[in-house]
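Labels for the chains are A, B, C and D, by order of writing; each one numbers its residues from 1.
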Amino acid sequence: MTITVWNEFRHEPASDAIRSIYPNGIHGAIAEHLSKYDGFSVRTATLDEPEHGLTQDVLDATDVLIWWSHIAHGDVTDAVAERVQTAVQQGMGLIVLHSSHFSKPFKRLMGTTCGLSWREDDKHERLWVVDPTHPIAAGIDRYIEVPEAEMYGEFFDVPTPDELVFISWFAGGEVFRSGMVWKRGYGKIFYFRPGHETYPIYHQPQIVQVIANACRYLNNDRATVTGIGSCPHQTESPESLRVRA
Amino acid sequence: MTITVWNEFRHEPASDAIRSIYPNGIHGAIAEHLSKYDGFSVRTATLDEPEHGLTQDVLDATDVLIWWSHIAHGDVTDAVAERVQTAVQQGMGLIVLHSSHFSKPFKRLMGTTCGLSWREDDKHERLWVVDPTHPIAAGIDRYIEVPEAEMYGEFFDVPTPDELVFISWFAGGEVFRSGMVWKRGYGKIFYFRPGHETYPIYHQPQIVQVIANACRYLNNDRATVTGIGSCPHQTESPESLRVRA
Amino acid sequence: MTITVWNEFRHEPASDAIRSIYPNGIHGAIAEHLSKYDGFSVRTATLDEPEHGLTQDVLDATDVLIWWSHIAHGDVTDAVAERVQTAVQQGMGLIVLHSSHFSKPFKRLMGTTCGLSWREDDKHERLWVVDPTHPIAAGIDRYIEVPEAEMYGEFFDVPTPDELVFISWFAGGEVFRSGMVWKRGYGKIFYFRPGHETYPIYHQPQIVQVIANACRYLNNDRATVTGIGSCPHQTESPESLRVRA
Amino acid sequence: MTITVWNEFRHEPASDAIRSIYPNGIHGAIAEHLSKYDGFSVRTATLDEPEHGLTQDVLDATDVLIWWSHIAHGDVTDAVAERVQTAVQQGMGLIVLHSSHFSKPFKRLMGTTCGLSWREDDKHERLWVVDPTHPIAAGIDRYIEVPEAEMYGEFFDVPTPDELVFISWFAGGEVFRSGMVWKRGYGKIFYFRPGHETYPIYHQPQIVQVIANACRYLNNDRATVTGIGSCPHQTESPESLRVRA
């Protein structure tokens, strides 16, 4: 399975504090951790590469794309956002992390505003498993505790998920649907909330485990079915074909 | 409740046969039938009016928008398509009829390709109620029979619906999920399959009944909640507010 | 609309503390509050009445049944539990409160164990609205705060709900899916978590408002459709009927 | 993976015609076909064995149970029906075939009447794939055609499925939701419609393929989580545990 980890990569060069947590960028950290899993071939791409590093060839060769963006959603071109949307419709998995709830590809795939409430408050978060046999929660006990986290609160404006896996508790008093799966065409999307740039969340083993589980769950072994999005004209009915057979 | 019936209105002026079925256009026929329902205030709008007849003022005053388009999806401007999407997110109901499955507003709200299979074959269709107590099926017996209809077949590439109300049977051998509801933000969308321009389907009483039922079901009496799509910064946590109270 | 409030009514006679909160029983308190709503005709029934006060005549005349039980689930006869299940299948609404998650009718309708985690800890609970335009949340702001509450935690072993309306936050660190709707046959069920017998929760106006909203939402104005649960033999096909017509 | 194929086995001994199609019983035919799949260890059990062949030991060792019953639903003891329900809640997969929609275990797990319409009419059925990347539809093209089949029609009184995979078209004019998945506790259930005893449907390769796919999909590799259905008393809160840590 080929995984592409994409990051806008704007915080890390601009901040010593953030760079000290993620010296190779958030994408570098996630890629490094995922590379240790059997069968995972991991590469990275970032916003400032040509075509944001997401050429058609790259997407065609990607089974699961992981996306992290925050302050530069608007710098992603509409062409690349549409290309990612189309790749998902054709079967590519997409993992949308944390602040990427407001990214162009996610908003295009959801159809909603994807708004939420938030507060930076350096307090802890606890992600509860509400679907204990879901493959994305494999190896996780009743909950994951994140020592320091930005708060995201409801109402999170997304469509009813096909599957709800995690709900977060925040020390400040909020809850949030933190792990959700949607199907779109032949592909699946997993939104996973944790991961503010100022905390070492993507080094936390349970968080890495969930992302790895999601890569496996979203990977669609079946060959990409061509023709999605076309409106095939069926010149003969099954009933007439049957009579002739 | 204010209902706006929108039609691209391109077939009717161009074809005597179609005009003989819908002398005032498909929008005119639907508007006329719906006007007979208590509490329905109905108006129309068409593609070739300025801003397609869908100015911000019109949408702000619309509780439920009914949409019919077929050969001119691409002539709808992106600005108006986005305006309709935003209105739904803010609470407006949207009824998407027949070939409008490929319209810009519907595709933006679904996030999928909205593709399907089709065949013009002048045969009958039977829409089965699979959720008999759903308000949209009120007054409908086990099924609706449409004497002549274009065929639409699966796979219909839309997200899992929040509610599945009708499934169609076609004489040629196909099935189709013909009545589905999705929530998007504060609004609801109802896709309803029947309605090819060459058949008098929108004069059929049961079809009109379903559309009227859907208008009532999608009408959101609650005032539009402002702020949808923003990401409100919660400077104080519920826990700190509680301590201070 | 006729509402029947059912209570096992075992705590109140046995405890001065509980009786001081609910002098007329939990059923009496809920009935008194609901009686103030327009169009609500409210009566009560309790475990120790003949047939637990739930004869076939009572259920036939009930639009929405509200259920509270805790220490005496096992004293409800299987016959009455089945009668309630059948009434829901035929269109009666059922509101299942708090500890009634372990009641016989609810378990029969869910098919799961309906287990959960719990702790009595006298701390506060905050119910967040995660579906802000849902009729059951009408009139409720972003959340409801309950000053003192028993804790219920995930995993709550129930089927995927048709609609998820509330998620609870607990001071001790847990979350819980606190307001959920399921369809079963022609009826709907609403599970609503708040309501431990040692706290005056059913006197809290927002809690009463949610229960009243749920009564309206679960009320099925359509006449009870007979024949649910039978397997009607269709001796003639729609196709043959059509040819003959 | 260990698969147990259960059959009431009443038609085959009583009818030469049926026995000529299924000389070793429906269970024998399904078991023989499934045995050819890698990693499948298949055994059978029937109604007239002691405890219907479904002792606790047998269920404990079963990953996926396949169930076929028709005229003898009532001969299954409540004790065994409850044992099967409990096994599913604890993680066992259950495939419910054709007329088993009215079996005790299925009705207990659904909570609905599981009624439907039906007609024996020797006409063909066409099962359409409406979720083309679902693992249960792997290897199936757009549809499966069954040359002769009993008709089952809507309304099928079951809860909203977690996943809808197949919808059937019948020559007589009906449709039916023919392939559906529900989660119950730690287990999954797949209802699959085809399979009347008077037709060689379980010898049809595509039907066998779907059943084999479903065995893989329902198999829960994770160890059975004990304690499902209990209500664990959490004497310490996560917050207090955290402070002590």
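Here is the rule we use: contacts are C-beta pairs under 8 Å (C-beta built on N, C-alpha and C of every residue); 3 or more make two chains touch, one makes a residue touch a chain.
In this text, all values refer to a predicted model and were calculated from it rather than measured experimentally.
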{"item": "Interface residue overlap between copies subunit A and subunit B, same or different (over half shared)", "value": "same"}
{"item": "Winner on C-beta contact pairs when A-C is weighed against A-D", "value": "A-C"}
{"item": "Label of the chain whose CA centroid is most distant from the centroid of subunit C", "value": "A"}
{"item": "Where subunit A and subunit C are represented by their mean Cα positions, the distance between them in whole Å", "value": "37"}
{"item": "Inter-chain centre distance, subunit A versus subunit D - centres from mean C-alpha coordinates, in Å", "value": "33"}
{"item": "For subunit D, residues that touch 2 or more chains besides their own", "value": "126, 132, 153, 170, 173-174, 183, 238, 242"}
{"item": "Chain-level touch network, classified as line, ring, star, complete or other", "value": "complete"}
{"item": "Subunit A - residues contacting subunit C, complex", "value": "126, 128-130, 132, 142, 153-156, 164, 167-170, 173-175, 177"}
{"item": "Complex contacts: residues of subunit B adjacent to subunit C", "value": "91, 124, 126, 131-133, 138, 143, 145, 183, 186, 220, 222, 225, 238, 242"}
{"item": "Subunit C - residues contacting subunit D, complex", "value": "85, 89, 102, 108-113, 115-119, 121, 151, 153, 157, 159-160, 162, 170-174, 182-185, 227-235, 237-240, 242"}
